[in-house]
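Quick notes on the structure that follows.
We just call them A, B, C and D in the order they show up, numbering each chain from 1.
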Amino acid sequence: MDAILLQLLNGLDKGSAYALIALGLTLIFGTLGVVNFAHGAIFMIGAFCAVTLSKLFNMSHKATEPTGTDFLGNPKFDDILYVVDWFGEDAGAWMVDWAVPLAILFAVPIMLAVGFIMERGLIKHFYKRPHADQILVTFGLAIVLQEVIKYFYGANPIPTPAPEAFRGSFDFGVLLGFDPNAVIYPYWRLIYFAFSALIIGGVFAFLQFTTFGMVVRAGMADRETVGLLGINIDKRFTIMFGIAAAVAGLAGVMYAPINSPNYHMGMDFLVLSFVVVVVGGMGSLPGAVLAGFLLGILESFASMNEIKNILPGIDQIIIYLVAIIILLTRPRGLMGRKGVMED
Amino acid sequence: MLALTKKDLSLLLVVAVITLAAPIILNPFPSGSGMSQFNAGYPDLMQRFVIYGIFAIGFNILFGLTGYLSFGHAAFLGVGSYSAVWMFKLLSLNVIPAIMLSVVVAGLFSVLIGYVSLRRSGIYFSILTLAFAQMSFNLAYSVLTPLTNGETGLQLSLNDPRILDGASAATYPNLFGAQMNDSTTIALGNWSFTFSVGYYLCAILLLLAFYISIRIFRSPFGMMLRAVKSNQQRMNYTGLNTRPYTLAAFVISGMYAGLAGGLLASMDPLAGADRMQWTASGEVVLMTILGGAGTLLGPVLGAGFIKYFENIFSKINEGVLQAWFAFMPDGLQDFFVAIIYPFVGKGWHLTLGLMFMLVVIFLPGGLVEGGQRIGRMFRRKSRSETPDGKTTPAE
Amino acid sequence: MAILEVKNVGKRFGGLQALNDVNLSIVENSVHAIIGPNGAGKSTLLNCLVGKLIPDTGSVMFDGQSVLGRKPYEINQMGISRVFQTPEIFGDLSVQENMMIPCFAKRDGSFELNALTRVTSQRDILDKAEEMMVEMKLADKRHMPAASMSRGDKRRLEIAMCLSQDPRLLLLDEPTAGMARADTNNTIDLLKQIKEERNITIAIIEHDMHVVFSLAERITVLAQGTPLVEDTPDKIKGHPKVREAYLGESQDAA
Amino acid sequence: MSFSNLTRRGVIKTGAVAGAGLALPTYLSAAAHTGFTNAPTGDTVTLGFNVPQSGPYADEGADELRAFELAVEHLNGMGDGGMLNTFSSKELKGDGIMGKKVQFVTGDTQTKSDAARASAQSMIQKDGAIMISGGSSSGVAVAVQDLCQSAGVVFMAGLTHSNDTTGKDKKANGFRHFFNAYMSAAALAPVLKELYGEDRAAYHLTADYTWGWTQQESIQASTEALGWSTVNNVLTPLAATDFSSYIAPVLNSGADVLILNHYGGNMVNSLTNAVQFGLRDKQINGKNFEIVVPLYSELMAQGAGKNIAGIVGSQNWDWKLENEKGDRYKGTNAFVQSFGEKYGFPPSQAAQTCYAQTLLYADAVARAGSFNPCAVGEALADFEFDGLGNGPTLYRAGDHQCFKDVVVVRGKENPENEFDLVEIVEVTPTEQVSYDVDHPMFAGGDLGECNPGA
């Protein structure tokens, strides 16, 4: 029982990341009809926003007086952080510690800009082109983006820890009457889950309660009508792309403490997020969220030893297996509307 | 001749001449010159050009004709390689049974996957094939290690049974005694050209594969496949069952992939799981689109282009660059090296990514379209030079 | 005698009874029109005849054989050809190739793996396609990609493709929808010519009364999923029920 | 200093100009006469350095490449000579190898067997390389070693840690300086006993591929010999990025030690996840919960950041060895000095093994008086040497594996800078990590005959 509860929690957390990436992907696909292979790279850029802010806060200059010698025997100078110089000891230390949450503020404008530039500069020329062309050009873009990041940040993962206050884990089991340590869960992952729930709620509220959102939903229901909706449709497309980029980017920012970001983390998520979108139903927002959580939870359960002993290697293939079964039995996905991309 | 039209025949002949003379054509720069870095005329790379060319030709029969975008074709290549190496280990180092088995096993495997995946179309089909290939890759790396030798890759060992070969037989895959890695080098002045057995076996099979692909393109079957891409609804209401057509195309392209896999293993007897990863499947998609999907020559061009990049650009290091620009004054030399360095050597992926984007943005029809545009430009120019040409601009 | 016999066919979509106890028989070598206001169930009925939909109840017999449960391509192979509201042709292929494909389907059946024969060696198919192109005045557009033709030419090509299979029953789904008056008249003339020259049964679903009354020998009026009345055009014109249900709303069309 | 007038750029330039001067691909024309592949004719000899330049191990590959460049520089008599001055064999005079100036070509393995073989092939066929070195994964090492065997060139393995490289997949043309999974386990066992006692229950997470399996098998055997029990061994997919679902059940399993048989990105992520779950703050069975990572590199420690603090693991070499453990490890400081002067930071263990391999190869050629792979093999067989930073070392003839001391390290609690992440806990002497050639974990292979090619 406790083991099942534990994996359920883990699945929620993995699902949050899948859901957030898939949400943007399906938003772009459902409205603009574009298959965006660079979406994983956007997630990666989000994570590197956190890395960058943390690096900025950690920028330092050398002290004037040497304090010892370095490994070659040369005099060594202590590093003094600029933020400490500017904001004082306590505030500076706090900023370094809280770099990741602060990066959310930093990332939103950057990710919106990334989205706008991508849409205006590239994607808008591909609305009418075949999916294969869209895939190729966005795949090329994804490679370029990750190579640029690699050029500046290297290939090695860069540790980007959460604030001190959120390290360690919370013992759920004790609350529920299990033994201590039976059901523990890291604080930061709880925050990640809450954060993604907030973002998902925000996106849904935006689509539900604003005029803009209604237009978008109308467009997703019937793509042709989007074209008939009047004057400023181009602008709406751009904004939509920006929002999708911001959602994936924020998912990346908050993900940075969970796994040290590296330049190819986007590719690692790309295939999975496509599977999530398809399982959920192309162009269905609730579908993307549901499928994200469902696949996350299934993946967690498949990694339990009790299950692996019966089906060796099941954790290697579970996601793909589920995708195959869903596509064969219910081609429009869990919550897709009939007829979208079905023929 | 060969039941081809004049145009197709001349295309085949051009390809044949280029392929057979490749060891010379691909070595245009004298060895020792700074430009010799760009020579590609050594056996291993030429074999890869040709083998991936076969792979892409097969993929194009599926994708170029029917429009079904498979993201899992690398699985068939991988299966082909594994079958070939098993054949080398168990039966004989002669490449013929190995290649035959690769084609057959890849064919059977593609019947299985194709039968299931073709129940869906569009992006759903792509995801299904991707899922199958990723499952094959993940299992080959882990659970199926006894069959695949996991991360290390399946390779020959000294105590393989090889029941058809005697104890004294060759130690390398061979064609009735001619080892795949045998070669002769002819030196002409500063140039030297290497002709290897393995390359010529691949080249002949490429020509055969290319010829069959022309025949398929020009056959009623090929026409039906293009009809599938154009309008499945009309196909159905014209009394044609699209499923067996697409399945046949899928299996044919799977067999091409198996042939490519078998050849890879024959040239270099090791089969690794990496060959089945989704990025490997993506690579053949890129080759086909880059070259020009649905054209005869495109896939071969695309394959050559990508493999050239992978093998030549990745080897240009800072030292090589310094040498190229050594004739310049120091400041200028540093400047040029600093500009070019991010795009070569460890940065070759960046160049590749930019290349994809440029080609798709400006040449949606791939390199073949680029060639046609250049051809048209020349023709237009020559026409405009005639006195009565209508295109002569008024002054 | 009736070539197509529809008996007690019913089809329900969720809460909507799209077809309710439809009986219809189409006599061989006649032109039979099915008319009705929007939502009367015309398209649903048509889709039940060609295998796209399977009715919940009833039977559809073509030439003594049931079509129910058969796939569209099987029904086509039985001898029913369908023309769509918007012309369904192979846009990427040339007109000549468009013409050849139904000829292959007629000759080789629903699947044939002739991957290594040459299209250019198939004399019988080429001749048949040529004959049809000449007959349908498409020969000068032989090498044009079909998608680049005018709508009227696309319609003609589609009809030509259907006729090249010598179908026993030709189903037309609003063949003049969205056409200019001149194109509509051309299409009417074409269909009249087909009716005169060929030994063929035509069933036509149409909105445009001008077309219906120019062509049809018998007319079935469908309203709310049920056949209202079936008779000759003259009788239909004056029928009070029809006027009430249908013509009253579209005087100018008639 | 004697070389201060030689800037780095100048060195590269000289090397490269000479490289451009490298005439004909000498290999084939010469092969017929000399009886081995790529026999150098002219006054130069070409070595091929095949390292990951793209993909997740690119930074490790870059460090290996730095070491190779440095080694070539020293062989050609430029720079301060590095470990040439401390090396016990004195055959190398700084005039290249047997009087031939050393050139090198580089390639990108992409950490994929296929790409690595293609790149090695091109160095052999196109550039006429006579020796291939480098790599940072066992799959790639085994694949390239196999290729070099059939092509008839020498393979001096870089970073490869699987037992198989000199076990069931060993080849006569291949040589490994780096230690292996068995040695890691054998070196760790006494330290683990001292640090954590004899009564421990271990939970293994193992990357589900061949290296992971051999590492897990080795460490399980050696810890069980101490009296530890093994609670569970869970295989994790290589492609996994989030290990939470594998780590979450650990605390409740009754285990009090978690052993992560992961490498590279897998290790960085699984360790980060384990620390996130607070494993290191917990007490189980009245003991502090501990995490052990049998093999980790400096780069992985950097990737894991603060999470590496207090984690015990093993290394082939560490740049502080000579300072902390005395001049048994002489050569270390010489190497660190010349690497540090050139690049500004201390070298990694991957760099050290690649540097040592290059020197060992050059020395074997010089001692054999021939570039013939078979002669080189004979010169390296049962070769005993010292002064390359690892203490007295033996290149065993039976499997072409080096036997030397193994360094047991622990992540520093308060590292002074990003290059000083580990502290040396212990150096386990050679005797304790040695094994027989026919040890069951290494069985099933055969060196075969050396192949000179051509």
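Methods note: contacts are C-beta pairs under 8 Å (C-beta built on N, C-alpha and C of every residue); 3 or more make two chains touch, one makes a residue touch a chain.
If you're wondering where the values come from, they're calculated on a predicted model, not measured in any experiment.
Student: Most central chain by CA mean?
Tutor: B
Student: Applying the document's contact definition, name the chain pair with more C-beta pairs in contact, B-D or B-C.
Tutor: Here the pair linked by more C-beta pairs in contact is B-D.
Student: Just curious, how far off is subunit D from subunit A if you go by their C-alpha centres, in Å?
Tutor: 35
Student: Measuring from the mean C-alpha position of subunit B to the mean C-alpha position of subunit C, what distance in angstrom results?
Tutor: Taking the mean C-alpha position of each chain, the two centres sit 46 Å apart.
Student: Compute the distance, rounded to whole Å, between the mean C-alpha positions of subunit A and subunit C.
Tutor: 52
Student: Which parts of subunit D, given as residue numbers and ranges, touch two or more other chains?
Tutor: 54, 58, 208, 235, 237, 239
Student: Among the residues of subunit B, which are close enough to touch at least two other chains?
Tutor: Touching at least two other chains: 138, 141-143, 233, 349.
Student: Which subunit A residues sit where two or more other chains touch them?
Tutor: Within subunit A, the residues that touch at least two other chains are 313, 316.
Student: Sort out which chains touch which and give me every pair.
Tutor: Final set of chain pairs in contact is A-B, A-D, B-C, B-D.
Student: What part of subunit C is in contact with subunit B in the complex they form?
Tutor: Per the stated touch rule, the residues are 50, 71-73, 76-77, 81-82, 84, 88-93, 97, 100-102, 104-106, 108-122, 125, 161, 165.
Student: Given the complex with subunit C, which residues does subunit B contribute to the contact?
Tutor: 3, 5, 212, 215-216, 218-224, 226-227, 229-231, 233-241, 244-245, 248, 252
Student: For the complex, give me every residue of subunit A touching subunit D.
Tutor: 2-3, 6-7, 9-11, 13-14, 17, 71-72, 150, 154-159, 161, 167-169, 179, 181-186, 188-189, 257-260, 262, 264-265, 268-269, 299-300, 303-305, 308, 313, 315-316
Student: Help me check something: in the complex, which residues belonging to subunit D touch subunit A?
Tutor: Residues 54-60, 208, 232, 234-237, 239, 241-242, 244-246, 248-249, 251-252, 265, 268-269, 272-273, 276-278, 281-282, 284, 299, 302-307, 319-320, 336-337, 340-341, 346, 419-420.
Student: List the residues on subunit B that touch subunit A in their complex, please.
Tutor: Residue positions touching the partner: 63, 69, 116, 119-124, 127-128, 130-132, 134-135, 138-139, 141-143, 232-233, 278, 282, 285-286, 289-290, 293, 342, 347, 349-350, 352-357, 360-361, 364.
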